[in-house]
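First comes the structure, then the notes that go with it.
Labels run A, B, C and D following the written order; every chain starts at residue 1.
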Amino acid sequence: MAKPFRETLKTKDFIVTAEAGPGKGSNTEKLTEHIELLKDKVDGLNVTDNQSAVMRYPSLGTCLLIKEHGGEPILQITCRDRNRLAIQADLLFAYSRGINNVLCLTGDAIDTGDHKEAKPVFDLDSVQLIHLVHTLNSGKDMVGNELDGGVDFCIGASATPSADPIEPQLMKFQKKLDAGVDFIQTQAVYDMDELKRFMENFHKMDHIEGVKILAGIVPIWGAKMASYMNESVPGIYVPQYLIDEIDQAPKGTKAAKGIEMAGRLVRQVKEEGICDGVHVMAIGREERVPAILEAAGI
Amino acid sequence: MVIAERKPLGEIRNMLAGYKRILVVGCGTCVTICWAGGEKEVGILSSQLRLASSKDGNELSIIEAVVERQCEKEMVEELRDKVQEVDAILSMGCGVGVQTIADIFEEKPIFPALNTTFIGMPEAEGLWTEKCGACGDCLLYWTGGICPVVRCAKGLLNGPCGGTRKGGKCEIDPEKDCAWVLIYRRLERQGRLDLMRKYYEPKNYRAVKRPGKVQAMQA
Amino acid sequence: MTGQNKKIIAFCCAESAYRAADRAGRLGIHYPDNVRVIRVPCAGRVSVLHILKAFEKGAAGVLVMGCQEGACRHLTGNIRAKERAKYAEDLLKEVGINGQRVKVVNFGPDMAQKFAREIEEMVEKIKEE
Amino acid sequence: MPVKIGLFLCDCGGSLRNIDFPKIRENLAKLEDIAFVKISHNLCLEEGEKAIASRILGENVIRVVIAACSPELCEDKFMRLLEGLGLNPNLLSIANIREQCSWAHERDVTKKALELIRMAVNKARLLQAVERGEVPVNKEVLVVGGGFSGVKSALELSQLGIRTTIVERESALGGKLRELGGFYGVETSPKEMLGSMIKAIEEDKNIEVLTSAEVARVQGGAGDFTVRIRKGGKESSRSFGAIIFATGYRTEILPQDFEVEPGGNIISQQKLVQMLQAPKKSERRPETIGFALDFSDENCRLPTLSTLNNALLVKEKLGSEVYVFCKNLKVDSEGAEKLYQEARDRGVVFLKFEKPPQIYGENGQVKVEAKDVLLGEEVTLLCDLLVAEEKTLPSEGTESLSSMLNLEIDSRGFYQAENIHLYPVASERKGIYFVGNCRGDLDLARASTDVSSAVMNIYEFLSPEGAIVEVEKVKADPQKCRACLTCIRICPHKAIQLVRVDSEKWVAKIYDLACDRCGICAAICPAKAIKFEGYSDEQILAEVEAIGEGL
């Protein structure tokens, strides 16, 4: 059985998490393969919740699968698809089945997904969700009723180090820290100077004791894919010099080059001690995560 | 001001299939100002309908009329004689106008010629943009007069989200400014950024029990 | 009803197109006689409703003839006419009438040849259908 | 009682052979509201007019349709004729059966002629009378800018008995007059001219001068402008009938044209004039002075003039060597040709070049290298001083003033005249005029002609007849108007304002004096509230209606 993530956060000096993206359908074969492959290599396995507003196998279901296989799941919850009743109910269920790490996200807009005519919920936003989890942790529901059987979640949130303009993002980040989080998994970072500036800002903020920052790593496998992400995946800004680098890699060696580049980023974060760990999001290429970690010397 | 937009002709003609005598009613207030359902647009739609039906060889007789304000019972009442002479009514008012006419002339089928889109203001000549969502609990006092409930794609109270694009643009549309970046810049200029640093509780989305009702005190 | 008696209505700006039409007559330049000229003070006076009503009353083609761009005495008359013709075209397409039947033409007061040619072109166009 | 229409057909002396007039008469006489159908041969002559007069007076006709030649030729004459008979001239509708019918087609066009006449008859049925009336007009004029053109305008207006107010941004009148060296060939120097002008202004009770004052806001339309003037921190509002802009120009050296930084021995024309008028003892007399001209800007009438003037001034005062580097000297200003000859006679050397000369600083002097077109070889000259080329630009504030008043400015930023050939001094808004250099670089003579034509325009505009207009020919119906501001925003002549009707409802009001009768507002009004009498929607659609009727 994997160690609870909250312990790992306290004890381990370089934390590695990865992301398992469920497919569109009830067949969980491939998903299980990914879980088996990654569960022992990472300290926590995030599960996306209808990523990019595309309808998929549920995040809660995948977490249960990870628990059954002895992994340490991190449940991602977005505010796009559920209102405050549904979110609280899901959290109670998750905790009762041993899932006690949650990443609170606002969620991608409906327009970026494949059900463009759906009614967006956004009853809460990420900061309000963090407050909600704390309320549940204190044994009460959102309107103050006592819970028969409480919960105790390890709470995570995200941040966008390369946002432009950066000041509004930093203010939002401060609100999340004020609300109280245990760990932060950032959006994809590529420019280490930007990340360093972000970390400098972080150290000047308050309520940061014990908060672990994991740098988000999204490997790129080709120039077209990278520019597509820039264009339509929210919160991702791949700098041109990296797009050119992957572009120059001869055909057929793109995968290896992608792994090498991602590995280089992870190693730099580790060796220069920029963050407390990394969160590798391989978006559909989970099988390459071990190779990336290897390339980074982990 | 209520903003509306005319439905495509094809959709309107499908609604009117089988009806021979139609009353096309414009409204002289909001939809005139936003060029959707005023007297001129009534003329244009009626002319289109006559042209289309004569082209298909079926006869169609149209009476054109304009009510000062379609959401007032007394003003809609003036249509009574014309309504007798027709099989169906095509209203070019906003959704409220359509329903006021429907309530008064219950025996006659009523069809909307417009799509009521939002409460907004003229941005440029012929261009209107949404500014208010009538949420019933106005919070413009702490956002520097920019409404995130309507102008932020996700209606966040503790914005911005992580998806803002380079240059402070919105996640869903590179042309659209992120409302929260606009709020940040305005509050910064006014030196009131602490308003944005504050945490805001989840919004009371039932401030107005829908469908809303307002009972004013007897003046 | 439309296209049956094949009339063309030409809204002519009194400052330019109308004078070009007169000049064509004076120079003996002949053109098809199924055009009916309606004199307007400026091409900007022609509204989309006039264009649609012209078709409704049986016109097979409508020409809105204004001054050269930049030479309009009222600065924006001819540009507005162009935008309105575009709107009228879309409205006609919705009805199933070929949008080409509406056309905005820019004139100088002495362009008699061009006036005749534009009428001939439109007569050709309405014959095709 | 149906409308009684008198219909006159003119067969232009029998020359319109491809029209069967009796057939048309027989067809139209049947219509019950046609009083009579008179065929004649020469309506345009004396005889024809008498025929019209007698028939109209004979029968109580209240609408007249004339089928004849183009309205461009006969409309005004027939309108005056009707007026003479006590009939409102707008109750006339003309069918063009000559140029656009008989002459335009070979074969028989009786059918087309009939249809054209039916169109005119349909329109005539709906015509309404439009009375002429005088619009109260404020007789005072505002002159913005106190330079030569501004002051001259005020003086000339005052001679015609018109009160003017000059608003001048600087603390004293004069503008460029205070900077220019001299108008060579004109005896009085700028200083004396300014002096005499100011004396005339002071003695003239018709002219009020407000210095260090600025126009803050302008509202209203032709004949009735309300102008807020800011002076000494206070704003006062005054009303005027017309406004003349005489805001002049400014000159600027274009640093990027020189490798060497201006200043030191590269100076402006103005600095040269100051040196000549008040030579400081300490300065060494410059041996050679060079002038650089039209490097980058073709429209350089003024720089050419000031170069020639100052070159002669240098010859007269210092007698030093003078070189003028130019591409092609523009001498089309008044007396410029003579000035050029005199300069040549006094020994000023003109060097013509294709490409702009290279200019370097060299131990305190300016080295100029250029390929002289006439000599066909590279020429290098050392000058103690180089008077740099200056670009003429509109004076500061032209941009903001024009946007405040919705006036057009041309690509170089000067005010855009309504029609550069026919009405060079008029803006596209009636009652607002531009004189002098605020509309492009003009020499003294051209500026004076500007002033007199603007003054004449204003005199006519403010005279009793000038304010006679067809009252409410284009009118926004207060009942139907929704004050949606569309017409106000798009009117090219800014002739429409929002006004309160019986002190509560806002509606659009069209100012007859400023309205140029184009009808763009009537076409765009979403409530069809604007009626353009003579070209109303109903009247235009009535003409369209006739097309369906055929024979």
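Methods note: a residue touches a chain if its C-beta (ideal position, glycine included) is under 8 Å from a C-beta of that chain, and two chains touch if they have at least 3 such contacts.
For clarity, every value in this text was computed on a predicted model and none was experimentally measured.
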item: Shared interface partners, meaning chains that touch chain B and chain C; value: D
item: Most centrally placed chain, judged by C-alpha centres; value: B
item: Dominant chain pairing [most C-beta pairs in contact]; value: C-D
item: Between chain D and chain C, distance of the C-alpha-averaged centres to the nearest whole Å; value: 30
item: Separation of chain A from chain D, taking each centre as the mean of its C-alpha atoms, in whole Å; value: 68
item: Length of the line joining the C-alpha centres of chain A and chain B, rounded to whole Å; value: 40
item: Between chain C and chain A, distance of the C-alpha-averaged centres to the nearest whole Å; value: 63
item: For chain B, residues that touch 2 or more chains besides their own; value: 40, 43
item: Sequence positions of chain D contacting 2 or more other chains; value: 490
item: Set of chain C residues in contact with two or more other chains; value: 47, 49, 53
item: In contact (per the touch rule at the top): chain pairs; value: A-B, B-C, B-D, C-D
item: Chain B-touching residues of chain A, taken from the complex the two chains share; value: 80, 84, 105-109, 111-112, 120, 122-128, 131, 142, 158-160, 163-165, 167-169, 171-172, 174-175, 178-179, 187, 234-235, 237
item: Residue numbers on chain B that touch chain C, as the complex places them; value: 8-10, 40, 43-44, 47-48, 50-52, 54-55
item: Chain A-facing residues of chain B, complex; value: 153-164, 166-168, 171-173, 180-181, 184, 188, 193, 196-197, 199-202, 205
item: Chain B contact footprint on chain D (complex, rising order); value: 480, 482, 484-486, 489-490, 525-528
item: Residues on chain C engaged by chain D in the complex (per definition of touch); value: 5, 7, 9, 14, 18-19, 21-26, 28-33, 36-42, 44-47, 49-50, 53-54, 57-59, 73-77, 80, 84
